[in-house]
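Common to both upcoming complexes is subunit A, partnered first by subunit B, then by subunit C.
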Partner chain A sequence: MNLLEVRNLEIEYLTRDGNLKAVEGVSFSLGFHETLGLVGESGCGKSTIGLSLLRILPINARMKGRILYKEKDVVNLPDEEMRSVRGKEISMIFQDPMTSLDPIMRIKNQFFETFRAHFPKMEEDEMFKISSNVLKSIGIDPSRLENYPFEFSGGMRQRVMIALAIVLNPSLLIADEPTTSLDVVVQLQIMEVLKELKEKKDMSMILITHDLGLVAEIVDKVGIMYAGNLVEFGDVNSIYEKPLHPYTQLLLVSIPNVKLEDMELKYIKGNLPSLKSPPAGCKFHPRCPFAMDICTREDPPTFELNGRKVKCWLYKGEKDGS
Partner chain B sequence: MISKEIRKGLRGLFKDSSGLMAVIGFLILAFYVVVAIFAPFISPYNPTQPSGPSLLPPTISHIMGTDNLGYDIFSRLVWGTRMAFAIALIATAIAAVVGIPVGLLVGYIGGKIDRVVTMIMDSIYAFPGLILAIAIAAMLGPGLLNIAFSIAVVYIPTYYRVIRSQVSTVKSELYVDGARAIGARTSIIIGSYVFPNVLPSTIVIFSMNLADSIMTEAGLSFLGLGIAPPTPDWGYDLAKGQQFILNNDWWMVLFPGLAIITIVLGFSMFAEGLDEYFNPNIGEKR
Partner chain C sequence: MDHRLISVINLRKYFPLKVSWLKAFKEKPYVRAVDDLSFEIKYGETLGLVGESGSGKTTVGRILIRLEDPTEGQIIFEDLDLAKLSGESLRTKRKDFQMIFQDPMASLNPYMRIGNAIEHPLKIHKMGDKADRKARVYEILEKVGLPPEEFYSRFPRHLSGGQRQRVVIARAMVTNPKFVVADEVTAMLDVSIRSQILKLLIDMKNELGLTYLFITHDLASAKYICDRIAVMYLGKIIEIAKTYDIFKEPLHPYTKILISSVPVPDPKMKKKKFIPSGEIPSPINIPSGCRFHPRCPYAMEICTKVEPELKEINGRTVACHLYD
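Presenting the complex of A and B:
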């Protein structure tokens, strides 16, 4: 049994001028104590997947497909049961630590609300003790429980967010671009915290990011997303060594490398296609250097190659081991 | 609403000293609160009994004169303070108790319910306040609670609109998503996360509506739809005085009118000062 099994997930946003397909036929699985990196440009649907796992999408979103968490179908779970999963089983860290804590609530109370949501009868003393320990383990002095969010720096707030997310020992932690709005030094510190969590806790993680380089060190598996599709999925080392999908290849060469003399920044030409009127065929073909005839007409299926998955016509007919 | 115009004028007057404005407003209100509390000790005569000759101009014994029935106007004004506060507070409280929860709930849920409720509230809001209050008051008849209720109906949409629009901003804040992500119940999210964040604006509307409802109450009493005489009431006294104005009996209109103006000014200044205190960038925007 896998911890998480996502099958043919489709998410649409109903908007005033038409429906927008944010996620299209995404399937992947995540084992116990495994870490997955979901990588892609802004707007490719990676955050939407994160929110859908907790079923906290905005109300104009429609979900189809299956999300099996410990064999429970998240898509069709009754509301109250779903609520008891949030925070206790699956929890989430958000992108912007400056706004993801209630500005007028003491840190202490934000912890207490988490406990109360799942253990209404717990004593405050006990809540306080557990919160203190978790904060300490993450490098924040427990005395700061009495403080308000504005009294913390960005990096500290993100630590508090992480502490809040793990205080009930969830089995799955989703981190939605946890370091995007932080400066580089703090980014590394937060990544260290996450790495330590991965080693010490019995917890799976999904790291949503646009920075392939940043997550490479901690993740076991990587899923590359483009325009709502999971275009490549596989184990982190093999993806780094031999990226299959043209998009992944381009993403990897566009990571700036200061050691090379050729300092020119490489980037992928063109923009993400509109999700309201996506191009026919493969969504990446307008930007793809290897685009063939068939790419403009037919959406490629997902091919399996050496246990990796790739959604690209280049790999049609290739067998394992090639 | 009239108090909105007053507030606009005040803002010009006290451009850089909203603190001073709030203090002056507070002092005026404090004065009236003291008068209301100690009415039995302050008023020299029984306000519902003749205490001298009728239509007496201001003298030492009757500092604001007497009316056509010989009632002491000063005593009536002092006791009328209680009525003004009672009605304003009850009306505003009813409006808040209905408008705030509905605004919170509807704003948070959104969607179709939001459109329907907002349409209803907007149509009440679009109706001229005093006319709506007159219609309801005429239907319910006189009496303190009836008057308060008919005024409350007028002010429910003010709460609703402000709360709803604030909630619809606050609910898309990341910390509300965060609250959902920790598994908090919807009631907790609304009560502990959303409500405290929209509370400051309700305090400002509360004091602003108090000013408006005093005006509306005076208007209703002026038209004879208020508290039944001879209970002391500023609007009623003003209306009565107006009948004798051609007689040159100016004191019957001047003093009740002054009382109404000053208390409304007090509330307005206090509200405006609070508003600037809670939203420090208000002055810059205009």
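Presenting the complex of A and C:
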């Protein structure tokens, strides 16, 4: 049994100018104590998938397909049961810690609120004790439970957010761009915190990010998304060593690096497609250097190769082991 | 005249803080955003200004093009002290220096067509007649890779982030400036678009013979475009060097940290990184001695007391007691 099984997930946003396909037929699975990096650029649907796992999508979203969490179907779970999963079994941290914390509530009370939602009878002493321990484990002095969010720096706020998310020992933590609004050095500190969590806790994680470099050393599996599609999925080492999809290949070489022997600037031509009027066939074909005739007409299926998945016509008919 | 375009001499910018007058009677608190900065930029050079938020790098950019008045110091642009200019003489000079900002949507008027937005600076500086101006806008649109027939009459909302940034670049270049300040121009863009815009800036520079001040927090992007890089920390330059030297052998501990904090897309690179504790302190209470000493892994006793000066040691320029 896997912790999470996503099958043929489709998510549409209903808008005044017609329907917007944010996620198209995405399938993947996540095992216990596994970390997945969901990587893609804006509009690729990575955050939408994150929200759908907790069923907190905006009201104009329509979801189809199956999301099995410990064999329970999240898509059709009654609201009551979903509430007991949310925050306790699956929890989430967001990009901007200031907008996710209540500005006029002491940190302490934000922890207590979390406890009360799931354990209404818990004593305040116990809540205080657990919160202190979690804060300490993440590098914040427990005395700061009495502080308000504005008294923390950006990096510290994100630590508080992480502490809040893991205080009930969830089985799955979803982190949506947890370091994007932070400075480079602080970003590294937060990644260290997440890495430690991964090693110490019995918890699976989904890291949603646009930065292929950032997740490389922490995740076990990587899913690359482009315009609502999961274009490549597999084990982290094989993806970074031998990327299959042309988009992954180009993305990897176009990341600016600090190596001195690498002074030539490489880039992907063209722009990201609009979700309102996506190109026909493969969504990446207008920017793809290997585009063939079939790519402009038909959307490629997902091919399996040595346990990896790739959604590209180049791999049609390739046998396992090649 | 030598080949310096801009010399900045002892530049300071202090923002006064609002406090009750009783407190202000004792001592006036300031945010010391830029604290005694001196550097120069040569003709045709790209100088990178790198640092975390709160280091004062954007304030320096804004002062150089006089969007902000310096508290003290000189900005010698060719033969003129920009810090002393005001009114009409400053306004006419403005066509020589331009700025490109981080957020292209916020720097474009949503109700102005792309063509008009780019033409606007030409009108302000009364350059050419209507036909000349339109021809110039067409020419510059072509240069930034936006086909003029298609884009001239569009509105910003019809464009993607990368295209908008191209428009902003076109608008900055349309008056044929000598000097352009690019402030975090790629920070808001998607990864696959970022390198495109960097490439465009490099091409424009080579074609138009520009001089850039490239402000960024991302050392990796700076590597591709800058000739020299100055690293700022809490209002001071702590190291300045040729791009090659700074990546080959960073001297200041803070520069080392910045370089090692660039993520490497390789799961096998599980090297122990050099991560300092804590975050950049507030520029209101600047630490005594070396500003970086509370976070520095090599801090010695002298660092807590004496502020190191930026000086030349073996052909390199750095402000750190380790190299005394």
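By our rule, the second predicted complex is superposed on the first by the 317 of 322 C-alpha atoms of A that agree within 3 Å, B and C clash if a C-alpha of one lies under 4 Å from a C-alpha of the other, contacts with A are read in each partner's own complex, and residues count from 1 in each chain.
Everything below uses one rule, namely that contacts are C-beta pairs under 8 Å (C-beta built on N, C-alpha and C of every residue); 3 or more make two chains touch, one makes a residue touch a chain.
Owing to the predicted nature of the structure, the values given are computational and were not obtained by experimental measurement.
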Subunit B and subunit C placed together on subunit A: clash or fit? fit
Does the superposition put A:250 against subunit B (first), subunit C (second), both, or neither?
second
**Item:** First (subunit B), second (subunit C), both or neither touched by A:86
**Value:** first
(message) Looking at A:301 after the superposition, I want to know if it touches subunit B, subunit C, both of them or none. Which is it: first, second, both, neither?
(response) neither
Query: Taking the superposition as given, does A:116 touch the first partner, subunit B, the second, subunit C, both, or neither?
result: first
Chosen between subunit B and subunit C, the partner touching more subunit A residues is C
Expressed to the nearest 10°, the angle that the Cα centres of subunit B and subunit C make at the Cα centre of subunit A is 80
* Could you tell me if A:216 is touching subunit B, subunit C, both of them or neither one (first, second, both, neither)? => second
Once superposed, subunit B sits from subunit C at a minimum Cα distance (Å) of 14
In the complex, subunit C touches subunit A at residues 52-53, 160-163, 190-196, 198-199, 202, 217-221, 223-224, 244, 247-248, 257-259, 261-270, 273, 275-276, 279-280
In the complex, subunit A touches subunit B at residues 51, 54, 56, 59, 83-88, 91-92, 94-96, 99-105, 109, 113-114, 116-118, 161, 164-165
Note: in the complex, subunit A contacts subunit C through residues 41-42, 153-156, 183-189, 192, 210-214, 216-217, 219, 236-237, 240, 250-252, 254-258, 260, 263, 265-269, 271-272, 274
The answer for subunit B against subunit A in the complex is residues 110-111, 173-175, 177-185, 188, 192-193, 196-197
